[in-house]
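Per-chain residue numbering starts at 1, and chain names A, B, C and D are given in the order in which the chains are listed.
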Amino acid sequence: MASNRINRTIAGLAGAIALLTLGSGGAFAADEIVIGASVPLSGPLAGFGSFVQWGYKRAVDEVNKAGGLTVDGQKKMVKLIIRDDKTDPSVTASNTEALISRDKVVAMLGSCTPALVNAGALVAERAKKPLVTGCDPLEAFKSVRKWKYVWDLFFDEPELGAAQFKALDELGIAAKTNKKLALWHDNGPDGQVVGGKIWPALAKQFGYEVVQNAEFPVDNTQFTSIIAEAKNKGAEIVMVDAITPQAVAIRKQMAAGGFTPKVLNIEKGAEPVQFAEALGKLSDGVLVGGYWDPTFPYPGAADLAKAFEDETKLSSSQHIADSYAAAQVLLDGIAAAGSTDPNKINAALAKTDKTYVVGPIKFDENHTAKLPIVALQWQGGKTVIVWPKDAKTGDFLFPLP
Amino acid sequence: MTRSRNFAGYAEVAIILIAFALLWFAPLVVGDYWQQLGFRTLIYLTLAEGWNLMAGSAGLVSLGTSCFVGLGAYVAFGLLNGMGFPLPLTLGASAAAGAALAVLVSPALFRLRGLYFTVGTLALAELLRLIMVNVSAFGGASGIFLQNDPPALPVLFHYALGVALVASLAITACTRTRASVIFRAVRDDEDAAAQMGVRPFRVKLAAFAIASALAGMAGAVQGVKLGAIEPYGMFGLQWSIDTLTMVIIGGVGLRLGPLVGAVFLIALGEILADYPAAHIAIAGVILIVLIRFAPRGAVGFFGSMEQARRGRAAA
Amino acid sequence: MSLSGAPLLEASGLVKRYGGLVAIDHVDLTLASGTITGVIGPNGAGKSTLIGLIGGALAASQGSIRLEGRDVSRLAASERARAGIGRTYQIPRPFLDMSVEENLEVAQYSIAPFQSAASARREREALLERTGLADAAHLSAHALPLLRRKRLEVARALALKPKVVLLDEVGAGLVDSEITELIALIKSILDSKTAIVIVEHVIRVVRECCARSLVLNFGRMLVEGPTADILANDEVAAVYLGTHGAREKTPSRIPVSEEDLRATSEGTDAQRHLAPLIAPQETRSPAPALECRGVEAGYGQARVLKGVDLVVKEGEAVAILGANGAGKTTFARVITGALVPTAGSVHIGGRDVAGLPAHRIAGLGVTHCMEGRRIIPTLSVEENLRVAARGVDGSTARERLDAAYALFPVLAERRNSPGTSMSGGQQQMLAIARALMARPRLVIFDEISLGLAPVVMDKLYETLALLRQAGMTLVIIEQDVDRALALADQAYVLEHGAFSLSGKAADIAADPRLRHIYIGAEE
Amino acid sequence: MPDVTVASSTIASGVLLGGMLGLTALGLSIILGVMRLVNLAHGEFLLVGAYCGLFLVQLSGVDPLIGLPVVAIIVAGLAIPLYRLLLQPLANRGAEAQMMTMFAVSIILQNAFVLFFSADTRSIPERFAATPLTVGPVTVPLMYLIGFAISVAAILAVHWLVSRTGFGRDLRASAADPAAATTLGVDVRRVQMLTFALGAACAGVGGVLIGAGFQFGPSSGASYLLNSLAIVVLGGLGNVLGTLVGGVVLGALQSLGGLTLGDGYRDVVGMALFLAVLAFRPGGVLGGARG
């Protein structure tokens, strides 16, 4: 009886080990430079993930078409491994671990949105592997820790926050409203930075009256009381910081709640095209801060958007740009280092100083590089730049239809 | 029977100790990748062992594992950041917190039998997650960062190993000593057990508390490894789902069920790493097939095949 | 009455109500240590309920139970077990996937968790020795046959070192030789410090074990006294065989609602209405209505039917008698397809119905008026009836309903109230009417007299007589031998899963062996 | 405490929304009542309905509310093979086996959604969804009112089906005492199959209403499952009209929670209520009487 139990135990352990060895797939060829990324391809943020993935892939493909990179004196192809983190930070972390330990990547690209990027970045930092990312607002990025191996090129929340205020000011929109401002934001990291700190400060500075400042969790679906209150308080300008599903819900429930402010700005959630697709006409007039547009006067901007739209038959998003640029920065870093040694690559990244599709990139002491901000507005299912004047591609639609 | 049970018990303890002793030196021989895998497997093994004790020995099918994982992690972070506790002590505290929550909610949950208990645990987990998301005192949705850097991977691996060892020994204590008959009696026929003088409530509570304590510890170690925790990850339903799936795949109520299940599911995840969507779906298909054709899981299935073979040999 | 002074257990004024139904009605019971007390009475008399109340599985609605002067009435079953009350289950409930020895350990370690393994083992070995399971110690309880499972039940109860042992129907389903062993075992249990209660149908066990006995009927104490006198008592015999002796005495005790008494309408009147409820002759095949050959069946381990042959001709009324646990209801379940026989064949109207799902058999015109009525609580009276009238258009259903109401006017009055809100008798009427709604050719009436006042029984049997006159084929499964035999043409007596006696109802009624099978009293 | 306009509007829309969810909950309830099965894939059934509604609009352009019957039929049609192939074989294997199977189905469906429909946030174009309805101080989304009306109508229809028809009798008999029902000639398996299909259809229709009123994605199912469970428990198991009341009560209380503690606490209130009732009033706030 007992002995047979023991046999089974041993058999079981043997089987376990057999299975484990099955599990190991750590394929890694020496004639390739392996880089990796964990991005949200499913879950609430999948909308961003697909663009980011495209941007990364494109940059790598271009390098490979050009014959790869020269490291240790010989040309090598670049292999990009992408994992889905299901919009779950702990999955981003374990993905990043797997990329480092299993796939033996020499460097990595980031996920999207602070929660995810930071989770992966912490792993990279600990493993001392360089990671270049976009899609992580700089304040949220800096707030985590002092980074040594992680580099972030994206917009800076204060600037993004300021952009809309400046736009309304310079375009003389603010004057046409009662300057009563309602602020709604999720309680995620960037939500709290933008909606909780930056906006209230700017509102005071630009002479608005904040009649409401509401916070809600990231998986909330009901905004009726928030909306009813803003309507009741007579707010004519509403600024929201929320992810796409909530952005859609909020816009719909505003319409259904009979609340139509003169100006509606929805940060981050209103960026992806699915926002306009899900809402149809309701998306018209919604403002969103942007850091890129095909019309930008930077090398390859127009081509990038065109390439995307030809390939995917979807309308482009600014997320293809920062991801594309981030990948280019990393690849240039590897080329400059001329080696796959993480520290050398990291040193090279520090020296980055070049104009990319998103504009000039030069990292400061916090490992961040600011992207210029523009104010975008949804008009007929497309975004147009309404501010600053020199970059504008369309007129400000006022008031909100 | 008792004699052989005792003997088997000692044998099992010996095997466990040897196995874990060998694994202790794993970091010296295997690379990061294997340590990462090992870590994940050990964490899940711990959760699955506890879940298996509840379901297999007390008939409690829980979907609430996640709230104890999350609780453990948050308690650990609180103590580490707030009071600079040493990690081992923190693990103890997380375990205690898990058990305490179990005791706290048991009077309500144990009024529910069968399916309703399962649903109740699910609701409890969701409730806790929502609270953590909303209460900014616990960092709200942004969660908390670990102030000082987490220990190196080999150290973390050893912690996971320690936790899993505690789990394995605890389960051995519950399944190889006289306690096991009490547990099984309650699972098989609560009323008949009561007529034998067994107090079903206390027995169930014991299983629930032990499982929750283990989950608490596992959560603490996992949190420390991440270095940053937030409600969606630590209180995510995924923990409960994975744990339950592992035990069912491995074999409910069987000593090796959790191990086989955990190893199998994690191996599967690695094999299908490049098709993330497929991986979970395939786990689902496997689940359906096992429930239908091998109710006692992979271990039970091969066990019975083994017996059949013996039978033929005998005949 | 006791040999050794103060009573060990004292139950006074015990009452157990289930909704309207009173299962135990002010029963007093006093047990002295060193005695064995027998509790007998027909099915539904409340014997097992009494055990449940003392053992703590059921909470008493009224009354108190004192063990050695300590009130235990409010304690949970587990606490009473710890206080020293051990019980066995009528159908053994061992922990199947444990070994016999482990089954005992449950009891041992729950009362003394830290008892040394060695002493615990010694005790177990002694116990298994006493209960004749020594050789089975390491077998899984699964592997035990019925008798040994019953022995295990006893051993488990004893492992609690109980002061009071409650044995519930330990004899049921055993053959004589087994019963002999069992009696020996029970006698061996008794010592000067314990008191034993035996609830039994197998009268022999009571006669040979118990100095004193009490008889329960309709939840009340009928008589109490020395076993010998009790068994000689005609009143007791009457309770068992349902002879008129009993019927004159009992009514005074049983509450009978006015409605019940005028429930069934007059024969002639009803017969006119009966047509819609009885399959017309011409649709019937020449083959026998029901033909069973070598039917064997059981539940897992327990083989209940061990080769039963039965032929029921069209228009015949057949009584199937037998003590509790003899397999009567199992046989009914086999016929109606609820239970698949392990061997043998069942033909209905010449058609082999092996493996046909139950709901199809009902379609073939064989319906089952189930034991315990099984009225659907969530359906009204009329809905309960309509459910059984399947695949017929509205007007036909209406016609049958009217017929059923004509048969039992009280149902018409209550047509919209929930089926289970009525008195036991009315519910039984509903069950009977429901069995007719399918317009069957053959109906199995399963223990329809269970727990009913004799007056009500009479009414029900009058109805059955009507059905029989109207040419319906009846299979009557009964405790109440007299009534069944009075009605039936043929009678079969089941004993341990086989017919031990069969023939013309009249002859059976006269046969002395019948009384023996039931209460085994010497002639 | 916010002023009357806000409060009344919020609570009104909460009540309407609760009633809207009641239909989905009803599907869960009857399956639970008849099959003793907690259908953990109910949320995904709801999403199947939502996607059907969406594609129906995109392909045919008919108003999703017109398309409701079609969706109901499609979803029910999908449920029947599921029952035949996966659940029926487990009929005698206790509740857990079936529940776990449906749980597996739910994760498979979730992945299927991502695979075939992408992980995008969707919303069914429906003009009423963007139209407010103002009565005095109260403003509610017109869609909520319509959804509520449809839901109530459907619930009443089911109530009629269960309490007045032959199928309803069979259904209640099978739920109360399957063995007895079989002996009376009821084909319990068939009843269960149809019940399962009916329950799925309820979820599907509910899905269209929710898809039009809100937004949905492949992983939205879980939260609606929990919501429905809460409603079922509140209304009392198997109590058809109870689910409607349960929905309304839940909706009202959640809105109150949202008003007083902030919108984030809606679900907290829901879950807390759910647990409390489950533990201390298992019969539901109305008592467990079957409708």
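Note that in this section contacts are C-beta pairs under 8 Å (C-beta built on N, C-alpha and C of every residue); 3 or more make two chains touch, one makes a residue touch a chain.
Only a predicted model underlies this, so the values are computations on that prediction, with no experimental measurement involved.
Each of A-D and C-D has its own count of C-beta contacts, and the greater count is at A-D. Using the average of C-alpha coordinates as each chain's centre, C ends up farthest from chain B.
Taking each chain's centre as the average of its CA atoms, chain A and chain D sit 35 Å apart. One simple way to say how far apart two chains are is to compare their mean CA positions; for chain A and chain C this gives 73 Å.
Centroid to centroid, with C-alpha atoms defining each point, chain C and chain D lie 44 Å apart. Chain B and chain C have centres, each the mean of its CA atoms, that are 46 Å apart.
Touching of two or more other chains is recorded for residues 114, 262, 264, 267 of chain D. Across the assembly, chain B contributes 130, 133-134, 277 as residues in contact with two or more other chains. Not a single residue position of chain C touches two or more of the other chains. Here, these are the chain pairs in contact: A-B, A-D, B-C, B-D, C-D. Residues 336, 338, 357-359, 362-363, 367-368, 370, 374, 376-379, 383, 386-388, 390, 434, 438 of chain C touch chain D in their complex. Across the interface of their complex, chain C is touched by residues 166, 169-170, 172-173, 175-177, 179-188, 290 of chain D. For chain A in complex with chain B, the residues that touch the partner chain are 1-2, 5-6, 8-10, 12-13, 15-16, 19-20, 22-26, 41-42, 83-84, 86, 88-91, 93-94, 97-98, 100-102, 115, 118-119, 122, 126-127, 144-145, 186-189, 191-192, 217-219. The touching residues of chain B, when paired with chain C in their complex, are 1-2, 6, 178-179, 181-182, 184-185, 188-189, 191-200. Chain contact summary for the complex, chain B toward chain D: residues 61, 107-109, 111-112, 114-116, 118-120, 122-124, 126-127, 130-131, 133-134, 237, 241, 244, 248, 277-278, 280-281, 283-285, 287-288, 291-292, 295.
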